[in-house]
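Shared between the two complexes below is subunit A, which pairs with subunit B and subunit C, respectively.
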Partner chain A sequence: MSVYFPQKLLPYLLLMPQLVVTAIFFLWPAGQAVEQAFYQEDAFGLSRDFVGLDNFTELLTSSEYFASLKTTMVFSFSVAFLGLAVALWLAVMADRVIRGAMVYQTLLIWPYAVAPALAGVLWWILFDPSMGPMALLLESIGIDWNHFVNGDQAMILVVISATWKQISYNFLFFLAGLQAIPRSLIEAAAIDGAGPSKRFWDIVFPLLSPTTFFLLVVNLVYAFFETFGVIDATTQGGPGQSTTTMVYKVFNDGFVGLDLGSSAAQSVVLMVIVGLMTVVQFRYIERKVQY
Partner chain B sequence: MIENRPWLTGFSHLVLILGVLVVALPVWVAIVASTDPANAFGVGHIPLWFGDQAFANWHQVLIGKEGQASQVLRMTLNSLIMALGITFGKIAISLFSAYAIVFFRFPFRGLEFWVIFFTLMLPVEVRIVPTYEVVANLNLLNSYTGLTLPLIASATATFLFRQCFMSIPGELVEAARIDGAGPIRFFFDILLPMSRTNIAALFVILFIYGWNQYLWPLIVTTDDAYYTLVMSVKRMLSVPDGDIEWNKVMVSTLLAMIPPVLVVIGMQKLFVKGLVDAEK
Partner chain C sequence: MSDLVLRNIGKTYANGYQAIPSIDLTIEEGEFIVLVGPSGCGKSTLLRMVAGLESISQGDLLIKGDQVNHKEPAERDIAMVFQNYALYPHMSVYDNMAYGLKNRGEPKSEIETKVNAVAQMLGLEELLTRKPRQLSGGQHQRVAMGRAMVRDPKVFLFDEPLSNLDAKLRVQMRVEIRELQRKLGTTTLYVTHDQVEAMTLADRLVVLNKGHAEQVGTPMALYERPASTFVAQFIGSPSMNLIPSSIENGVLQLGVDSQLACPQFSTDKVMWGIRPEHVDIVPLQDADLSLQVKAVEALGAETLIHGSVKISEDKQYPFVVRLSGNHAPDIGQPIGLRVPQQAWHVFDAETTKRIEPL
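Presenting the complex of A and B:
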């Protein structure tokens, strides 16, 4: 573009709505979070004291916060890994079948449209300890399932619910990535005598690495920030703290525990993490991982 | 097909069919559960086949029982207002700001670009408490403005339109100017029609995003006149474990997921385009 309109005032008017909304609902709250993070407020919100970095040191020395960090990591990487593995497998299969690939795509993509909270409810009823068919099935093979009591099982339930929704997204991108790989490469390998599994690991999988890396980042961001509904609708962070991720903890400490200083400090920590993730996403995806 | 391996093709179909079935399993159970009487749910059993209460359950949720009118229509309307408000809001303000950034030169242009970029780094979940306070201070709790406005700033949509506008040749702008079209005329008569597909694709994605909002409506509404469908399911579950009316919960769950699922299936091409574009 090298031709511009000469108006001087109009561009500001055009930008105004977006800037106003951003300033009021993004920058102002973010600033408030940063400010609040240096204060300690009493439970009724009547007075507050400047406490310097106390909220942060308290946070970084609290074992609870590190537990939630660990929970977040376990949860996010499980969701990302499981979602990528299942979706890749399905996409490779769909890429193989010539007839019906589009039908399978339609049948696999709709869970994307289901709200995370509803996905949680749907899997909850399947795994309900007293009557869910999956729980009864597990019981019949000797596994005592109760995600209201057992933290690991609660984690498995939220991971399954969160992954279920994300498979469709990964599947679409993997299928597109697979279809972009030149047939001639695969054919050449086949003529040289490489079987389907060798061709996959030596040619297809490396060529897919940009897609895989991109999806890994997207899935981690999804698991970090968009799975609040899954957790809130099913386990509410429990039992104990076993499914309290960092994002859930910000909400819980702020709205339920009313510890505003700590919640704000956690917000600031999360903002730094998102900032880093955004930078990584932009830096590396632009450059693309490629063999 | 590289080589003919019938057993492998058969295996592929088998895996895919299994995948489709596993993905559909929870919805199957939900549909079945929505047709059963309440007493079919109890310790050790859950109905796995259709019951005969489909009409009664759906009727009760949709219309309400005697003396107690149903909130579902109200909530559907709220969900729709919220989803469409967010969608149109995001598209409009992003179109305007991308237009300003691409077709005009003005001081602080770079700075404004970064301010918009910054919103990418601040998902609402991260700054939930202070955002709630701001909205409360502005007296926007329990209002449609409070439900939609804080969510309509979108860096993604702005970047998408910026990308799309930058591919428009400068000659087009020149030609329009020679023909006497000002910037506003150019925007409505040339730019908008040219971006039709992009707008439609984004519409699909944003509608789903708006409809599925959960945390935000949960905290900014306390008046049930503003409840949305998705969040209402959680309220139906917030009762002691044994008292959950699973058949009605499932009716509500299905109701809340049908509109966005229909949108995805009905507009699959646009949906795929929207997803791919939004991530570029």
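Presenting the complex of A and C:
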């Protein structure tokens, strides 16, 4: 849709607030980060030296950085897969409920309203090795739970807390997607001799694929870039580096380790990854997922 | 042996709503039965009960002598064409048609032979690799038919399959469906709200009203001897003229100023009816009835004259006359009508059922 304004100035004036916000809170800091990435700054921020690509070469030769890349991958794909699978399962169940459907749906949406840090604390308390009810429950069935010591368990904990919040969001989209599938298609498949699980995998799941792909991208982006709060509140990246994702490392190296140059270089790498994901997302959404 | 038997079939929903009180119907092999009625009369519910998509609350449903009340849709060996066709949008035309056969575990080569044979019969050979979204409305319809035919079921079920097509295509597909059904000889149950479709397709019609079968019979039987005012008005277009009247001492009092000689009936309060096409125009002085002309619809081959008949000082009843050829009576003027007695339909005013002279 095109709208024509009589004056030349008005459209720019109307766009101004958004442009100003973008410039001040995104472009400027991003530019700073790119600039910073080429300097080495002392811990007090009093002086800095131009070091060229040293920050990047150091990153790419650091095994620690690749460890955090691997952690990020494991974390992100676990969160995305678990979040999609559980949400889809819940949506299929909620779609079948006839009586009290609204109650289920409303309750399942609530976690999305919980702040990330609170969600982290919630799970941190539930799984606290000395007093958390979940930890005690696990202990009673013979699993020794201590995520302060055990890196794998710490990873499981952050995956659970990050996923829990995202399930609500995914659930909403899946439920809408399921409700958009005409009942007669399912009935036609039933007459064609397909049982419930075959109907799901042959008819429902393929028809949900646009929704699934959209959510996969959204969830990956979420797990990659927006889980700082959850990790900080739950494990602070530990034990060791076992839950230090790339985003968490940016914060940790920059504001705890005060190595601003390296932190900035890592931000630049993340920016490139976001860019790549966006390109992949658009290419795919336009081409592959349609029927 | 009868192909499809509905014995005292009823449907009551969990909330206590009785959609279908009780219906009995015996359908012979190869018969084309049309369930017709206004929306909400229970015709689709009945069809879905036969399909197994809706549970049966009471009675027995027999297909080829087997009771199938509790069988899954797939086990009943029926095929259904849906109103919106319900083609699987992510599958090609071929896969849409083959899906049921694949689920039955038939060998690939056999599936291919069957699908190709049906595709050829329906003129779909060129379209087999296309996806449903690349098809036109009529092609959708054909693929949906093909999907039903390829499985060679015992019974075809159609749920208003033509209502999404434009008028021209509807007429064409109507003829095609009838031809195909004759050729295949498969027992068919067809639901529609369109009485023209019902009349042209059916071997026998079932007129449903609020879950009751008002009348079952051939289209001509229903047209000539409707069992109730509901059937009388539902079958035929424009629908039958009905005027509340009384009969006394062999005289039918029709409107305020018309008395006609009439045989005796069991009741004196009646609904008197005549079809628009059975009325003639005559000079006013020879008329049985006078009609105040309100509107004239000239359709070329025929003319519809809409008017009203005065039944009391302040009450008028609408009345339609259908004449062949072109006529142009003056609007606002009265015209004379002749209503031959052999074309009358008389119904009990209270029960609305058809009554015959004593």
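One rule holds in what follows: the second predicted complex is superposed on the first by the 283 of 291 C-alpha atoms of A that agree within 3 Å, B and C clash if a C-alpha of one lies under 4 Å from a C-alpha of the other, contacts with A are read in each partner's own complex, and residues count from 1 in each chain.
Note that in this section a contact is a pair of C-beta atoms (placed from the backbone, for glycine too) under 8 Å apart; a residue touches a chain by one contact, two chains touch by 3 or more.
Every value quoted in this text rests on a predicted model; they were computed, and no experiment measured them.
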{"item": "When subunit B and subunit C are modelled together on subunit A, clash or fit", "value": "fit"}
{"item": "Partner chain in contact with A:A194 - subunit B first, subunit C second, else both or neither", "value": "second"}
{"item": "Which of subunit B and subunit C A:I203 touches, first, second, both or neither", "value": "second"}
{"item": "Subunit A residues touched - subunit C or subunit B, whichever exceeds", "value": "B"}
{"item": "Touching partner for A:L60 - first (subunit B), second (subunit C), both, neither", "value": "neither"}
{"item": "Which superposed partner A:D232 touches (first subunit B, second subunit C, both, neither)", "value": "first"}
{"item": "Partner chain(s) touched by A:F251 [first = subunit B, second = subunit C, both, neither]", "value": "first"}
{"item": "Subunit B versus subunit C as contact partner of A:I143, first or second or both or neither", "value": "neither"}
{"item": "Touched partner set for A:A85, first subunit B, second subunit C, both or neither", "value": "neither"}
{"item": "Partner chain(s) touched by A:F26 [first = subunit B, second = subunit C, both, neither]", "value": "first"}
{"item": "Which superposed partner A:A180 touches (first subunit B, second subunit C, both, neither)", "value": "neither"}
{"item": "Superposed arrangement, angle subtended at the Cα centre of subunit A by subunit B and subunit C, nearest 10 degrees", "value": "80"}
{"item": "Lowest inter-chain C-alpha distance for subunit C and subunit B in the superposed arrangement, angstrom", "value": "5"}
{"item": "Touching both subunit B and subunit C, residues of subunit A", "value": "187, 190"}
{"item": "Subunit A - residues contacting subunit B, complex", "value": "1-5, 7-8, 10-12, 14-15, 17-19, 21-30, 32-33, 36, 86, 89-90, 93-94, 96-98, 100, 104-119, 121-123, 125-126, 128, 130-133, 136, 148, 164, 167-169, 172-173, 176, 183, 186-187, 190, 196, 214, 218, 225-226, 228-229, 232-233, 247, 250-251, 254-255, 260, 263-264, 267, 270-271, 274-275, 278"}
{"item": "Subunit B - residues contacting subunit A, complex", "value": "1-3, 5, 8-9, 11-13, 15-16, 19-20, 23-27, 29-30, 33, 41-46, 48, 92-94, 96-97, 99-106, 109, 112, 115-116, 118-123, 125-135, 138, 149-150, 152-153, 158, 165-166, 168, 170-171, 173-174, 177, 182-183, 186, 208, 211-212, 214-215, 218-219, 230-231, 233-234, 237, 241, 246, 249-250, 253, 256-257, 260-261, 263-265, 268, 271-272, 275-276, 279"}
{"item": "Sites on subunit C touched by subunit A in the complex", "value": "51-53, 72-74, 78-80, 82-84, 86, 88-90, 99-100, 103-104, 131, 133, 147, 151"}
{"item": "Interface residues, subunit A side, partner subunit C - complex", "value": "182, 184-185, 187-194, 198, 202-203, 206-207, 209, 291"}
